[in-house]
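I have placed the structure first, in the form of structure tokens, so that the comments after it can refer back to it.
When the chains are written out, they are named A, B, C, D and E in that same order, and each has its own residue count from 1.
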Amino acid sequence: MQQQTIDAAQAAAFSADAARRPGAGATPDAPVAARTPQTQNAPRRLAGVERRVAGWILPLLLILAWEALSRAGVIHGNVLPAPSAIALAGWQAARSGDLFENMAVSAARALAGLIVGGTIGFVFGIANGVSELTHRYTDTTLQMIRNVPHLALIPLVILWFGIDEEAKLFLVALGVFFPIYINTLHGVRTVDPQLIEMGRAYGMTPVTLFLRVILPGALPSIFVGLRFALGVMWLTLIVAETIAAQSGLGHMAMQAREFLQVDVVMLAILIYALLGKLADVLTRLLEGVCLSWHPNFQPARN
Amino acid sequence: MQQQTIDAAQAAAFSADAARRPGAGATPDAPVAARTPQTQNAPRRLAGVERRVAGWILPLLLILAWEALSRAGVIHGNVLPAPSAIALAGWQAARSGDLFENMAVSAARALAGLIVGGTIGFVFGIANGVSELTHRYTDTTLQMIRNVPHLALIPLVILWFGIDEEAKLFLVALGVFFPIYINTLHGVRTVDPQLIEMGRAYGMTPVTLFLRVILPGALPSIFVGLRFALGVMWLTLIVAETIAAQSGLGHMAMQAREFLQVDVVMLAILIYALLGKLADVLTRLLEGVCLSWHPNFQPARN
Amino acid sequence: MSLALAHQRRSFDAAPPPLAPPAEARGVPARFIGVTRRFGQTAVLNDLDLDIPAGQFLAVVGKSGCGKSTLLRQLAGLDAPSEGAVSIGGAEPVTRMMFQEPRLLPWRRVLANVEVGLPAKVNKAEGRERALSALEAVGLADRAGEWPAVLSGGQKQRVALARALVSRPQLLLLDEPLGALDALTRIDMQRLIERIWLEQGFTAVLVTHDVAEASALADRIVLVDAGKVALDLPAPLPRPRRRGSPESAAIEARILDQLFGA
Amino acid sequence: MSLALAHQRRSFDAAPPPLAPPAEARGVPARFIGVTRRFGQTAVLNDLDLDIPAGQFLAVVGKSGCGKSTLLRQLAGLDAPSEGAVSIGGAEPVTRMMFQEPRLLPWRRVLANVEVGLPAKVNKAEGRERALSALEAVGLADRAGEWPAVLSGGQKQRVALARALVSRPQLLLLDEPLGALDALTRIDMQRLIERIWLEQGFTAVLVTHDVAEASALADRIVLVDAGKVALDLPAPLPRPRRRGSPESAAIEARILDQLFGA
Amino acid sequence: SLAADAVVRVGYQKYGTLVLLKGKGILEKKLEPLGVTVKWSEFAAGPQMLEALNAGAIDIGQTGEAPPIFAQAASDNLIYLASEPASPAGEAIIIPKDSPLKSVEELRGKTVGLNKGSNVHFLLVKALEKHGLAYSEIKTAFLPPADARAAFERGAIDAWAIWDPFFAAAEVSIGARPLTTAEGIVPNYQFYLGSRKFADANPAIIEALISAVDETNRWVEKDTTAAAETLAPLTGIPVAALTVALKRQNFGVAPLTEKVVADQQLIADTFLKLGLLPKPVNVAEAVRKPRA
């Protein structure tokens, strides 16, 4: 076999398909592969705008269609008020200050529950991930408690905690506990065993091993739990705030439902949705900071 | 430096701490490290029994304490009936056939919802994990919907689906959707990019790449989602079965709650707990089969 | 010492008549035209030109971090140049790459991991047969049913080699394929690679840090330094080659001289 | 070719007076007493006896899959024998192991990954200083701030080496530490390992598949085969050693003869 | 219209006349000649039932006083079909057995549990008014009946405004005492309600329903124990308590009189003043005029 040179004619005969020019090799929609884009500046800026607004296009279209159907009389206002009517209800509630008071009260409850339940869930997740012993003795019990609906628990909760803030805090904390627990457990258990062995071989104390190897390795999964928990936090409140609440978003929603105020119910639904988005944005930012080493968790993913 | 032999005296001077005899090196409660135990047969059999019953010790203790407190009159039966009273209620409900009918009805609803919601969640999770494009356009919307409590949604659900089985199916499917979606998405996005690159370099078609690399890599995380979904499946039913249901476990619990039949409420809670355990056992079995390559997902973990 | 390797090997490619027509099975040419690849500020490949004729066995040597893997990734289409172009001849050329790490699928047993390398059109029974032959050729037929996790470092690398060699590519890229092997196994594997290349006639690009390996296998050796081809040396020695022949020693000496900055 | 490595290196251990008292800093002896390690049916180590005196530089060679890594893992306490015992001298001996894979923490930058190797009692500023010196010694000081993921294969291995060498252990275990390096860098790294061993006097066990490397570094070379020590060869050559000296060539020849089953 | 589907969808609760009607199959028998079948749907409480009625999922239902007021504010599709006479003995403000409270006046500064926006909310307002207390002088804890019972037993609330059968159950099983019943304060009616479109199109079915209810009522009055025994397994409330509840309920289904409409309007106005109702409603507009 001899060395040969490729002349111009031969080069031209190369299949165009197989030729890889700048940027050509990158599959545009494959977030799982880390490829550096080789795009120019102007299209990149446009792409940046597109990326930022893309998520809102679908919700916006839905709302527009809904408004159009309402105006056309296809959807009856008694039954499902138009977005504009809901906006009006929102505006009135906002002007009277009720809305913000309700949201502030709920937010305080939600945060307190998140902190308490999240911390406990995190601790149990870590403990049961690291120690087979505690896992063996507590996991069954936790998996059983997880399956009990909050609605069914309310009588018990009232008996234990009364009807004041403790009861609500308990329910939210209980709700938040499980996603954090399960995902922390999963994260810890799937940390690369080779790295843990490395940590041991380098004489890390259990604390160091945990801080340097196990926690960072489990973090992506813990964030999935957090993201879920941020949703559950609000969801549980709607149950918790049926217990002798005078204010709060969940109370507002459930009372409106009792009183058949469909526009307020819809307003609450929209607020829940926006809060969900907000929580998601926050988790994403946090992921961007804490997981900057991980190619798949960059804020501006390609 | 010269070669030297260690004589008996020298060997005896070796620190006992540092001497590693059979099995001594294995940290007994570290599920994250894959170590083969070197234990003998008899203690191993004993350990096997201990492992199997360990999870039930805590719930059993709780129930015993509760029964004792009830008998001692510390807990009033009107408020929180003794376990024996609950067992009696269970026995009566079982004898009349109501209990099993309610559970069968609920199980059918739960399974249908799981299949529908789980499938959709799985498909969306895969799609959004693989394609940045669909992720960009649908994830925001999904994250927003996730945050809306089912209780608040009921008016809309009745509007769209009426008060029959479709409405209940929809709610369960919606509830099941999100854990599966989020964990599938996470699983797909954290598949080792090196392996995906390998798949591409070996000319795998997208389908093959998915079946051989992405899906197996995402499976541990998908199972976390499934485990969560199996819980949510029952939790949602209690809300869904407030919509004009005549039977079902959730209906039984909520009706009992409505009419202050504390023993039936407690019975329902216990059944939910057992169903949670059952779901957990099933997922574990499934994990044992599907993740047999993964040292951390063996049924008899060390 | 058991010499399992030597007598365990059976005819690795005595399989049914090749499914791909001979014309397609031959190597394809490849060409770098002014390729620059930047990571941040640093240009790892810097206006690099390189013609690889069809069917050539090219060895690439160079210091750690000089850009050898980056060069291979350009050929495999896993990375695109920042400037310039990489072209591969032939319509839809079949390119396969053996990475510097084993990259075995942890959820597939050893045999199934080798089967990953098979062309899509091969039927199941034949594929299994071929994968098993390849495993035998790398001396691991008895480990076919195990999980990759329990293999030793060198065994993993050999499984990855078997996966690359079953694939019948037109362009085969090998990134330090024998780095984790002992002297004996290494020579066995070199012979295996040469034999399959001779049988199938694909274009081969071998990245190695062992200059003796390069001179034992390659038609041509290029040394990459500072993002460019610093030395382009033909090695037109007759095959089968003798190890330690004066000609190959001379080639090795020239490369080492250049490498050591003499 | 840039020879960055040579002039970049600064005195690697010119750091403040050693924190550990010299007596403790010395090597510890280690001993295998009838060690058998079974995986399923197969005994990878089979009634193996081996005495490693304090401060010795022992090289372990053997065919791929013969149990070298398994042997090292017994010494590191990462695996326990199925039968027999492994004892390490000294009260709480400080043992460090460099694995066959780099095993860098992907979430810590290169410098922080090297700092992982530092003894716990070192203070922050000094630790940083020492880690940086180690990185410079392996020629990667300019990559201190990067994520491990962007390094080339050989660069990752050198970071792992730096991590092992900053640790001032009493027993240092190296599992094919230079497998992914080119000839020039490899010789540089061998010199580095030898120098640090001479300075600190720890017991070193080096697994390698390069017989020349074993004879260039070790006081004693053992060849493992069929789960036993098949050859135990002292290499009492003077240091600094010359590469390719007749004495080392003779040693290499004996090992290769045994290895090739001659 | 009805001829097309030939099904009337009736909502019921676990406690009330309709569930007894369902059990006896009287309505089915009366509708058979018209070629109409009945589809029964169970609801946990009145608001949920009217939610379904508002969404068009059922045609007819029965609730207490409060839900239709809110439903009317939400939609003009609701219509009052008929009412049962006032049963003021069937709702009360109750206190635990050993409570020191003796009169409504002593509720000053105490916590009263109640379901927000229900008929007992109106009772509480009127009872306080009668005894010269301002609504702001007591504390309220808004709890649905199930939760309120737990809170009541735990002592988290000092008094509980509640209706039958929960009222009777609390009396019988834990010895709770009424501080005051609704007698002399508010009336406490039950209403049969329907979708306006359905009622306009199917007067014959409405008549059949009312006569079926009347028949059932008469059976309950005559054989209260049998009715209680039917309801006991459904609700889990002891027969003794149900008998008490049924005994103090007044039966006699009839179209709404002007007095009933006026009383109902008063509730609506009170709720409007309390800020529970978003806009004024005119009850008379939603009352079905029986054909002459």
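Note that a residue touches a chain if its C-beta (ideal position, glycine included) is under 8 Å from a C-beta of that chain, and two chains touch if they have at least 3 such contacts.
The structure displayed is predicted, hence computed values, not measured ones.
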Using direct touches as single steps, what is the fewest number of steps from subunit B over to subunit C? 1
Any chain touching subunit B and subunit E at once appears in the list A
Could you see whether A-D or A-E has the larger number of C-beta contact pairs? A-E
What is the chain whose Cα centroid lies farthest from the Cα centroid of subunit D? E
Centroid of subunit A to centroid of subunit E, CA atoms only: how many Å? 42
Using mean CA coordinates as chain centres, what's the gap between subunit A and subunit B in Å? 19
In whole angstrom, the CA-centroid distance of subunit D from subunit E equals 84
Which subunit B residues touch at least two other chains? 79, 154-155, 159, 197, 200, 254, 257, 260, 294-295
What positions in subunit C touch 2 or more of the other chains? 39, 77-78, 101
Hunt down the residues of subunit E that sit against at least two other chains at once, touch-wise. 51, 55, 146, 149-150, 153-154
Subunit A partner contacts - residues on subunit E that touch it in the complex: 47, 50-51, 54-56, 70-71, 73-77, 113, 116-117, 140-144, 146-147, 149-151, 153-154, 156-157, 276-278
How about subunit A: which of its residues touch subunit E in the complex? 78-79, 154-156, 158-159, 162-164, 242-246, 255, 257-262
Subunit B-facing residues of subunit C, complex: 76-78, 94-97, 99, 101, 103, 105-108, 116-117, 119-120, 147, 149, 163, 167
Interfacial residue positions of subunit E with respect to subunit B in the complex: 11, 14-15, 40-45, 48, 51-52, 55, 57-58, 145-146, 149-150, 153-154, 165-166, 169, 173-174, 235-237
Subunit C-facing residues of subunit B, complex: 194-195, 197-205, 208, 212-213, 216-217, 219, 291, 293-295
